[in-house]
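Shared between the two complexes below is subunit A, which has subunit B as its partner in the first and subunit C in the second.
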Partner chain A sequence: MIELLPQQLVNGLALGSSYALIALGLTLVFGVLQIPNFPHGELYMLGASFTYVLVGYGVNFWLAVPIASLGVVLVGILLDQVGYRRIDRGGNLSLMIAALAMSTVLQQVATLLWGAEPHTTRTPFTGILRTPYFSIGIYQIVIFAAALLCWLFVWLVLHRSRLGLAIRAMAQNRTAALLMGIELTWVRIATFAIGALIGGIAGSLLGAAFPIYPTMGLNPVLKAFVILVIGGVGNLWGAIVGGFLLGILEILVAGYISSQLQDIGTFAILVVVLIIRPNGLFGRAEVLR
Partner chain B sequence: MRREAIMRWLLPVIILVIALAAVPFANDYILYVLTIAVLMSTLAVSYDVLLGLTGYLSLAHGFLYGVGAYTAAYLTTNSGWNFWLAMLAAALMSALIGAIVALVAFRTKGIYFAVLTLGIGLVGFQFFLVLEPLTGGVGGFVGIPGIPSLPGLADDPSRNNLVVAIVLLAVTYFAALVFLRSSIGAACLAVREDVTLAQSLGIRVGTARLAAFTFSSAFAGAAGAVFAAISNFVGPDDFSVMATGFQVVVFVVIGGMGTLWGPILGAFLVVCLPEVLRGAATYSVAIYGILLLFFILFAPKGIAGAVLALRRLLPARPASVTQTARHSEAR
Partner chain C sequence: MKRLLATAAIAALLAGGSTVQAEELVLGEIHPITGPASFYGLVMSQTLKMNAEQANAAGGIDIGGKKYQISIDTGDDQAQATKGVAAFRKLLADNVHFVIGPLASAVAPAIKPVIDARPDVLQIIDGSIADGVVNGKNSFRVQADADTYNDAAIDYLKSKGIKSSAILTDRGHQGFRMSEQRMMKSLKNAGVNIAAQEYFQMGDTDFSAQITKLAASQSEALILRGYPGEGALITKQAQQLGYKGQIVWEMGAPPSTVMKNIPATQMDGVVNCIPRMMADYIRLNVPNAIKVADAFHARYGKDAGENAAFSNDAFWILTTAMQKAGGVEPGKVAAVLKDLKVTDVPNLIIQYKPQENGLLFKNGQAHPPSACQIWHGENWASLPGDHLDLTTKN
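Coming up: the complex of A and B.
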């Protein structure tokens, strides 16, 4: 059993990088705008579906990924403008219900357009890299690289641009940021665009390795919320580390205990973390007023 | 406030009269649709006690409804229990599991509560699939005995089903009204408005929301038992998060959160709409989603809010006369 450990860890890291990629966009929107963007899972699904359609028309895969991701960016901005902007002051409950509603609508639209049965994109990543200790698929390396690159991209935008400064100011203190003359509208659009872009990239890359169907985003987005709890809301590095941790943990549970317990194990972790630390593993106790 | 109190009592009576008047004329199909609508109203009222009174968005309600259905199915089919006893047991079982879920879930709040209960709903759905000896797995639970007939309805099972469903709705509704009026209900409202303030005033926040969750689980379980006996079959698909768990949210938000009578209207609208628009069945979930979005954006108080606003607008003169009369009386 122990000689399988390096392989298990690599598999866990690969699974974890897909979780991290999805959690990254979710944590950005949640951290900056306090919007629980449930439809992020559907943005991921749309990224995969758009790529599937484009590749079906004979577009090269590497050209299809950016086109599909840009399509997802438009949908993401639309979600905010149609759904969230109006009820921004309506409190958490309205935002959650609106998020849930848009999530279902997108799932249903996808079902009407492409049917409920799973599709597969012909994967451009064949080939496996073998080393004495473990072997890893090329696509797993691509996902891993994509997770790190997306993190780097978001970090650069947030910390090395004027737009990022505005976004961070808005996340820190909305009222003060507004008083300083920062436009909320543009910060919203930019935040949703970046979040959706990463979701779309995640979808179009992962869709090349997994079946594509309308409710495929549900499970990943739940995992992403678990990662938010583990890694802290709005914490980009926490999303990456949390994603890797969750992936490795799931693979270890599936490998050494039972594969049926893989998903149940995730929520067991969630429950245990929330019982011990209700504000998340790295969360600080809030002072309520 | 007064108008709402009137509606709170008037509406159930209106529905009861319409339902009972329809009973002699309707065919089996209409009776079945009505029965399901009444059953979903029961579920909606039970869920409103949680969402409407405490403001916590739980997505595990479909799972708790399923617990009731499976419990009753197992007891009546495999253990030969009497239906009424099994329904009671189902309510208790759902209440027990609901209380356990609540103890864990109320560690969190806001979006985390929704995510956690969504996770519990998904895991529970997995359990319905995995625990094959108890639930029948993917194939479901077949051959559940029907509801025993009430006196006078022995030769007409579909009418019998409807009457039993209406009785359960009435019991749930009045129990919910009593709950709302009790000190615990008041504490729940305080939790919804401001947890921190409620806590600092010495209101037992934990007890109040635990009571609300357990109460709503118990009646969801009873509704599940009736559903199992009416369908003679339960399968896991009826209790998935995106089926019932999402539907109850739609009923309550469309109807009007926290009014108790609004969700009944919501449930009737949502259940009967696809039946009226025959052939639109493939779009039904999409329509639910769009309705939910529309109401939360443009009419967050739901149908109930619209009805109350209409009543305020329509009889403009008589209302003002009575109001001035009331004012002068008060002086």
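Coming up: the complex of A and C.
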């Protein structure tokens, strides 16, 4: 069984890269605005669906990905302005209910538009990289690279731009940031836009590997929330490492313990991290005075 | 005002007296209309509605000298047990006494206790292959049981002289899980070694951990038991991870669904062993199948899915039993079903194996024949030497 380890680790990295890609956008919105953005799963679904429609109209896949992702950005901003902004001071429960409601609304709209039946965008690369130790699809390598590039993009925006400075300030202390003259409206629009962009890219790319249907975002977004807890809410590096960690763990549980316990492994690690490091592997404890 | 009311009352009386109003008979159905199994359920629901429309257009169904207009009350179970129970209870609340469905093997066992406790409700299962869901009193099944699926695959392995097989099963599929031990026994009796056994879940998209283990077992065959969305993804990932053996599916798999999940060329040579389904009967020129397929295409502008045959048959079996019972009292209709012969029912697509004395059901279970097909080009094709005996009115 140990001879299968290189292949299982590669399988875990491939699975983890899809988790990381979805978790990245979610952690940004949750970390900055403290909004449990459940419809992030639907933004992911819309990215996949928009790409499917565009490719169906003959648009080249690699052109369809950015167009679809920009479409998702618009939906993301709309989501915030219509669903969250007006109840921002209503408390966490209101935000959570609004998030769940919008998640359902987007699923229903997608069902009306494209039906409930699963569909798939044709994978642009079908090649396989075979080595003596492992095999991996070329497209999985693309998704792996996309996860790292998206992380780099968000990191550059947050750490090398004035907008990023404002977003980080808002994440650290909203009241202080407002007192310093940072405009909340634009920060939240930018945060939602970046989060939705990453969600859209994730959907566009992964929709070419997995079936697309209105409720396809439910399971990934649950996993993404687990990753947030593992990596630390709002921590980009935590989302990436947490995604890979979860992917590898799930594969190792299925590969070496039992495939019937794959999901139990996910939630076991969640409980362990919550006990040992309640703020996540990369999160920092807050001191309230 | 009084004059207006009087005029309205007279008009209503005249209208009532001038035409004979057909009574409405509501048939309930439980299928996954949304969710990942909707590609099965939507077509089944549409088939039932089309049959009802056709019957109504012909003046309704004559039961005991009364004409009934059929309407279909749809419950969407999303192939999930909890939603299935809720949908079923909603049908009962709507005062529905006849239910066709469910499709999902997770749903049928969940609603069984409710069915058992309600002798005033009659169910014909057109999809689920779970064990123990048919009681032969007020629940009947036109779909095959899980053993029919398993035996078809085992017969194929035997015919090809395959001596070892790995098995990958949808762990949420009650029919396949419940029949697991019997299948293992049958495989051993057939001289087939079980090289490895793994599980997945409907909605999963990554199967690499399981396939890596199965591929390492170097089995001559890999049997996939579940639904075609996952089946296609597993097949694709198995090839990617270098699995070389014969892949054998056990699942109703419309080509349109298969090709949404895997390029057609990667499916070449995959064998599917299942009860014969709609496309099979069309391919084998069964007249009723062709008639329903044409009508379905004209009505909905698309091809009838694989399970349309089961829903079509459930509709005609139920309405024929009502006609023979001369009423719509569930107990009487159930009594007729027990004595119904394969040749009694018009419009059947599936060529059921007649039971003793030509009966359609034995202990509530009908016996559709099974066969294996091989993927070729963009569709399933019959294996050489495949033939079918017509057993029903066609």
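To be clear about the criterion, the second predicted complex is superposed on the first by the 269 of 289 C-alpha atoms of A that agree within 3 Å, B and C clash if a C-alpha of one lies under 4 Å from a C-alpha of the other, contacts with A are read in each partner's own complex, and residues count from 1 in each chain.
In this text, a residue touches a chain if its C-beta (ideal position, glycine included) is under 8 Å from a C-beta of that chain, and two chains touch if they have at least 3 such contacts.
Just so we're clear, the structure is a prediction, and the values are computed from it rather than from any experiment.
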Joint occupancy of subunit A by subunit B and subunit C, clash or fit: clash
Partner chain in contact with A:T215 - subunit B first, subunit C second, else both or neither: both
Partner chain in contact with A:T131 - subunit B first, subunit C second, else both or neither: neither
Subunit B versus subunit C as contact partner of A:P118, first or second or both or neither: second
First, second, both or neither for A:G255, with subunit B first and subunit C second: second
First, second, both or neither for A:Q172, with subunit B first and subunit C second: neither
Touched partner set for A:L4, first subunit B, second subunit C, both or neither: second
Which of subunit B and subunit C A:S94 touches, first, second, both or neither: first
Touching partner for A:S161 - first (subunit B), second (subunit C), both, neither: neither
On subunit A, the residue positions that both subunit B and subunit C contact, one per complex: 215, 260, 263
Contacting residues of subunit A [partner subunit B, same complex]: 30, 36, 83, 86-87, 90, 92-94, 96-98, 100-105, 107-109, 112, 215, 218, 222, 225-226, 229, 260, 263-264, 266-267, 270-271, 274-275, 278, 288-289
Complex interface listing, subunit B residues touching subunit A: 55, 57, 104, 107-108, 110-112, 114-116, 118-120, 122-123, 126, 130, 195-196, 242, 246, 249, 253, 282-283, 285-286, 288-290, 292-293, 296-297, 300
Subunit A - residues contacting subunit C, complex: 3-4, 7-8, 11, 14-15, 18, 111, 115-120, 122-123, 126, 128, 130, 135-137, 209-211, 213-215, 219, 250-255, 258-260, 262-263
Subunit A-facing residues of subunit C, complex: 33-36, 38-39, 42, 171, 198-201, 203, 205-206, 208-210, 212-213, 216, 229, 233, 240-242, 257, 260-261, 263
